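Each structure below appears as structure tokens.
Both complexes shown next keep chain A, but they swap its partner, so chain B is in the first and chain C is in the second.
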Partner chain A sequence: MQLLQLLVFPGLTFFVWIAFAFEWLERKTAARMQGRVGPMIAGPFGLLQPVADFLKLASKEQIIPKHSEKFVLTWGPPLYFAAPAIGIIFIPVIGNESIIGHPLDLLFVLFVLAFSTLMASLLGYSAAGRYSTIAVGRLVVQYTSYEIPLILSVISPAILAGNLSLGGIVSAQSNYWFILSAPIGFAVFIIASLAELEKPPFDIPSAKTEIVGGWMTDFSGNALAYVKLTKNLSYVFLSALAVTLFLGGPNGPVLFHQIILQYVMNTIYFMVKLFSVGFLIFVVKTALARIRIDQAAELFWTILTPLSLAQLGLVILLR
Partner chain B sequence: MTLKDWARKKSIWVFDVNAASCNGCDIEILDAFTPRYDVERIGVVLVPSPRHADVLLVTGTVNAMMKDRLKTIYEQMSEPKYVVAVGACALGGGVYKGCYNVGHGVDKVIPVNLYIPGCPPRPEAIIFGILKLVTGEPPDPKEEE
Partner chain C sequence: MSEEEKERREVGAGLMEYSPENLVPFGPVHPSLKEPEYFKLILEGEKIVEVHPRIGYVHRGIERAAQDRTWVKNIYLFERICGICSFAHSLAYTEGTESLTEFQIPVRAKYLRVLIAELERIHSHLLWLGLVGYWTGFDTLFMWIWKDREHVLDLLEAITGNRVHKSFSTLGGVRKDLTPALVSKLEEETKFITERVKYYETLVHSEETLVSRTRGVGRLTKEIAERLCPVGPLLRCSGIDRDVRKEDPYAAYEFIQPEVKTSNAGDIESLLSIRLAEVTDSCRMISEALDRLPEGPVRVPFPRIIPRGDAFFHVEAPRGELFYFIRSNGTPKPERVKIRTPTLANLLTAAEMLKGRPLADVPVVLTGIDPCFGCMDRVTVIDVDKSKKWSVSGEELRVYGIEYYRRGAGKR
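Take a look at the complex of A and B:
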């Protein structure tokens, strides 16, 4: 039963489909904001466009460049996919507890975030192309700048709940959401998520106009399919983390006595919040232009780190 | 129609190479991505690297300097791959035909699947060509040889 939950609902399969839906929403939002219509013909309203992209890439030939590290390029993409795929099953969806809750799972989730960036830089370096090497350098600089504000902003809800497990943080939010007492933390988290996802204004490691495809330049076929899916899954993972930490997770305004109805309503509340956070990220991402790497480092070190520290102090006072 | 064929028809990623063109054709290709035509409707995306692409759009006459580079780009693409020659220059030299310093068409260098004539072709023509390429089973020059 637990295995079925892990693999199907609310586990991996469920979140992979949400990842496809997220890409569809991202492309549609960008298109509508630019006065276009976006994907239209693959499925109703183009809903199956990301699925078509994935299947097409997976069915293509995979070219491994001559000077690259073949072992890493073959086995790296599935491992890269595993990072958010393992992290996401710790997110509570249908109730206050996730499928495999653990008293310290917040730490594990943070480790997963760091591991995903490590995998990305490893993959970029093993491809050994010129553009991917530049991109990895930028990725690492960006990582060192956004990681500290990200972790500081995650600590605030943990302190408010007095708990290091995601389930505990969700239960502590049954009366009020932590975004009310940690609004700056939420803002910093969203900005740092943009940097983690390499989206504008922090798409410096994958800047199309400067370094071709970033660290993904030399990927093709199956590897590219995995990498793209992983990026979408990370999108869902970070939005789900924001919902869990700041927006009350699956908690909703109405409580039901019937347990099945409660599960269904919790899932609906969670999805509504998840897609709202996703939509917020898409709008910000489409509206902004890219900044330089030194500007990004400056922004994170001189503005966002002190802000998240101030938030932390405020939260400790509030508690 | 298998799932694979369906996916290949709905998702076409193109990479655009300017092989010594006057830039007119490239502007028309980019026109197809603007709000008025928006080829993302039919699943066409402009990708940054030839390794990601399914369709190579080549414009210009392919002169001696671009010849080897075009071949390298073609070899970097993964199968199944298609080449579309866009504009009169890419078809056979266009207005520069007979000049000593230009090439005479893309098909002298790499196999071409589809030709879109015009100087420059209208974005409608380019969209028609791409649609024809994925839905109308274009002739495969590699098999004919």
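Take a look at the complex of A and C:
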């Protein structure tokens, strides 16, 4: 039963489909904001376009550059995919408990975030292209900049709940959401998520007009398909984390006393919040230009880190 | 060691200091370049130390081809030098050729030429502006501006019959006349463009992420500008007040004066505001031209044979001064046409502006000159080994090619 939950609902398959839906929503939002129509051919409203793109890319030949590290390039993408795929299992979807909860799983989730960046830089270096080398340099600089505000903003809800497990943080929010007492933390988390996801204004490591495809330049075919899917899954993962930490996770008005119906309601609450956070990120991303790496580092170190520290102090006072 | 060899060693030594790891190729095929061109960037980390442009990837032998075509056919050939400023090319060529004869062009035709030239300036500047959005990763700006630019292209199609290669200016006047319906449409659309440009002017100075990428980026001082002689908006953004339309008026520019905007900042932001101001000014000039448009024919019959003589002619293309040298030997075909496009004049300045900047600024600065490599590529031979540079005519090149293969050198 637990295996079924892990693989199908609310586990991997469920979230992979959400990842596709996120990509569709991202493309559609951007298109509408820019005066275009966006995907509209495959499936109703073009809903199946991301799936079609994935299948097409996955069926193409993978070219491995001559000077690259073949072992890493072959086995890296699955491992990179594993990072958000494992992390997302700890997100509570249908109730206060995730499928495999642990008293300290928030720490593990943070480790997963770091591991994902580590895998990205390993993959970029193993490809050994010039563009990917520069991109990895930028990626690491960006990582060292956003990591501290990200973790500081994650600590605030943990302190408010007095708990280091995601399930505990969710059940502590049954009365009020932590975004009310930690609004700055939420804002910092969203901004740091943009940096983690390499989206504008922090798409510096994958700036196509400067360094072609960033650290993904030398990837093709199947590997590229999985790398792209992983990026979408990370999108879902970070949005889900924001929902869990600040927006009460699946919490909402209790309408049914039957436990199964309430599970359904909880899932709907969770999905609505998830897509709202995703939409927020898409809108911010579409409305901004890319900044330079030195400007990004300056922004994180001089503005966001002090802000998240102030939030932390505020939370400690509140508690 | 001969003097030449010594020089070669020195040039080579400069390049050898950098290990291949520091060299980042920018082009010939790159997402931010719309045409193939190669820039050898030598980096120290993210900082650019040296830029070596290498031109010639889209050389099409147009100057040589012109010698085989009649005077009229050449109009259509020269238009194809550039898809964006195609009218500037045909205008420079036709006005240059007309200056060799004593025919008087109808005044109405002159006004219509100004009209199309200014419409083309609007569309070219809007295109560049949208691309600035694209280079800075601001795709929304790109999409918006290009949507507005579509209005200008529709206008051009309605007036001339074509969106890109307009073939409007011809020897002895212009090919088509304006209808009253078109006049009112023109007035409407120029109003619309002026409104939109007003919005973009506030946007490019207030959107923080865009400002952080353009303000103070690629600083061009007056000294560098005087040394490297850029043209067009790039020259004006360094504070030098030059505009061919004002200094040496052609077509009807003596009646419709442009306002020349300059700036002392010399960065990409000032380039943005100068180009936006020029778009507004072009809209004003169009409505002024419509108000004063004289009646009369738009075209007079023109001879097929042009008298012997040389003509120098320059126009202010959207990118800057476009220069034509035309020599006629009294036959139905020109003997020689030499073209100097604005990009060639601006390229070295862009390379200079890049030095010391981070890699992230390359697309913005390099393309800040609004390059058109297709226009630029001349028969210029650059031999890195001999560190020499010379130009050859098509005929010399042909003879050289035959010699080269006869020696068996091509059989490697």
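Operating definition for what follows: the second predicted complex is superposed on the first by the 317 of 319 C-alpha atoms of A that agree within 3 Å, B and C clash if a C-alpha of one lies under 4 Å from a C-alpha of the other, contacts with A are read in each partner's own complex, and residues count from 1 in each chain.
We adopt the following convention: contacts are C-beta pairs under 8 Å (C-beta built on N, C-alpha and C of every residue); 3 or more make two chains touch, one makes a residue touch a chain.
Everything numeric in this text was worked out from a predicted model, so none of it was measured.
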- Is A:36 touching the first partner chain B, the second partner chain C, both, or neither of them? both
- Should A:208 be classified as contacting the first partner (chain B), the second (chain C), both, or neither? both
- Considering only touches as defined above, state whether A:130 meets chain B (first), chain C (second), both or neither. second
- Touching A:271, do we find chain B (first), chain C (second), both, or neither? neither
- Query: Is A:200 touching the first partner chain B, the second partner chain C, both, or neither of them?
  - Reply: second
- Task: Have a look at where A:59 lands relative to chain B and chain C in the superposition and call it first, second, both or neither.
- Result: first
- Query: Can A:295 be said to touch chain B (first), chain C (second), both, or neither?
  - Reply: second
- Task: Once the structures are superposed on A, label A:184 by its partner contacts, choosing first (chain B), second (chain C), both or neither.
- Result: neither
- Item | chain C-contacting residues of chain A that also contact chain B | 34-36, 208, 212
- Note on the structure: Per the touch rule above, chain A residues touching chain C in the complex are 30, 33-36, 130-131, 133-134, 137-138, 200-201, 203-204, 207-212, 286-295
- Note on the structure: Given the complex, residues on chain C that touch chain A span 21, 23-25, 30-32, 43, 45-46, 133-144, 147, 207, 209-210, 212-213, 358-363
- Message: Could you list, by residue number, the parts of chain B that touch chain A in their complex?
- Response: 3-4, 6-8, 10-11, 13, 35, 38, 40-43, 47-49, 51-52, 54, 76-80
- Item | Contacting residues of chain A [partner chain B, same complex] | 27, 31, 34-42, 46, 48-49, 51-56, 59-63, 208, 212-213, 216-221, 224
